């Protein structure tokens, strides 16, 4: 998160947003954000969203996730919005959307994730 | 790939390996390689493996992938090994395993991916 | 669809619902709807939702899907609601939720799917 | 499983095979095995494979799975072969391949699955 310059921009019970400003060194060969970076912020947002509903002293780990890359990830900034679908004692299922934002702040959906997080106590 | 220090270590038709030395700034809170980085090298290996079977002047994009994170990603180096499951004119399905290697080179499977790549000509 | 007694209950551009009444022979060992049946109605709803936005004389095929099974699939009836996330010329990404309905019609989410459909012309 | 005529044809620790003879009422509009049926036998094989490594008195449930449908599912019979990738105390990750067999017994891969099973004791 620190390496790529991402920041938590919203934390509510079960909902988390992460903001990432575009940087050339995070892009792939065509100048779009690398799929791995898109996935990293989506996964991090899912992890924090799950964690926000877990008991104190828990730890959260990603069990698995699936991501569909919908459009070239272009934008001046990117925001990953994660929301808990089902919180359980052991497993929590979370979905996340990643949007690219242009200079006017107009959002376009570039990827969507569905994943499973585990609570370790 | 450059940002994180990953390198192609093997390219054959339908099979690609990527090596990534461990670095502290690629780790998450417990010192293990971040899930996003594990995913990045797996996805890159899948993309190159699909690309290795595509006609000249093609481009490859990730449509979607799913990754299961099996163990804490610990190691001095990591290797992602991708292999094409089914190559098609438009879509190619690829799987990849990511291993952590200790100082003696002993491998432990840390993640496995199943993904779909598209050929753009 | 005929074999299991499922029926289309709603078809709009990009949104499709399928209803399935519970039957003992569709259940697994604990009396809940079998995961394969839950998946079948979700996948069918995704296929029809994608198809509803495709040009005439197209055919639709499932490329891949991922399903999270969230709760035991109990209910007198089940409804799968699919919605197109991103419609493309070749590939369409669709999500679906499957709900179990009790005798009062109260809904509980039992599964969620994220899948990719392809248009063949 | 009974409804569709599938049978366990091989059970070893961590490896399970399920056989399904083709039936017209299991086919979709083009005469190929319905994706939901392909998925059902793959998921069942994954569940049994995980279960084969669990302690006595356990129960197994599917947490999630992802399936790539690689070719039209044609054949006189179908076989799903599941193998445990990583067995854990709580979660077990399993992959499965589904093959169509022609009248000479020649196999063609039609689908591949990667899923997560949970052990309930």
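Labels for the chains are A, B, C and D, by order of writing; each one numbers its residues from 1.
In this section, contacts are C-beta pairs under 8 Å (C-beta built on N, C-alpha and C of every residue); 3 or more make two chains touch, one makes a residue touch a chain.
No experiment lies behind these values; they were computed from the predicted model shown.
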Which of B-D and B-C has more C-beta contact pairs: B-D
Most distant chain from chain C by Cα centroid: B
Computed distance of Cα centres, chain B from chain A, in Å: 20
For chain B paired with chain D, centre-to-centre distance based on mean C-alpha positions, whole Å: 26
Averaged-CA centre spacing for the pair chain C and chain B, given as whole angstrom: 32
For chain D, residues that touch 2 or more chains besides their own: 63-64, 66, 68, 93, 116
Contacting residues of chain A [partner chain D, same complex]: 63-64, 66, 90-91, 93, 116, 118
In the complex, chain D residues that touch chain C: 2-3, 25-26, 34-37, 39-41, 43-44, 61-69
Contact footprint of chain D on chain B as seen in their complex: 66, 68, 70-71, 85-86, 93, 95, 109, 112, 114, 116
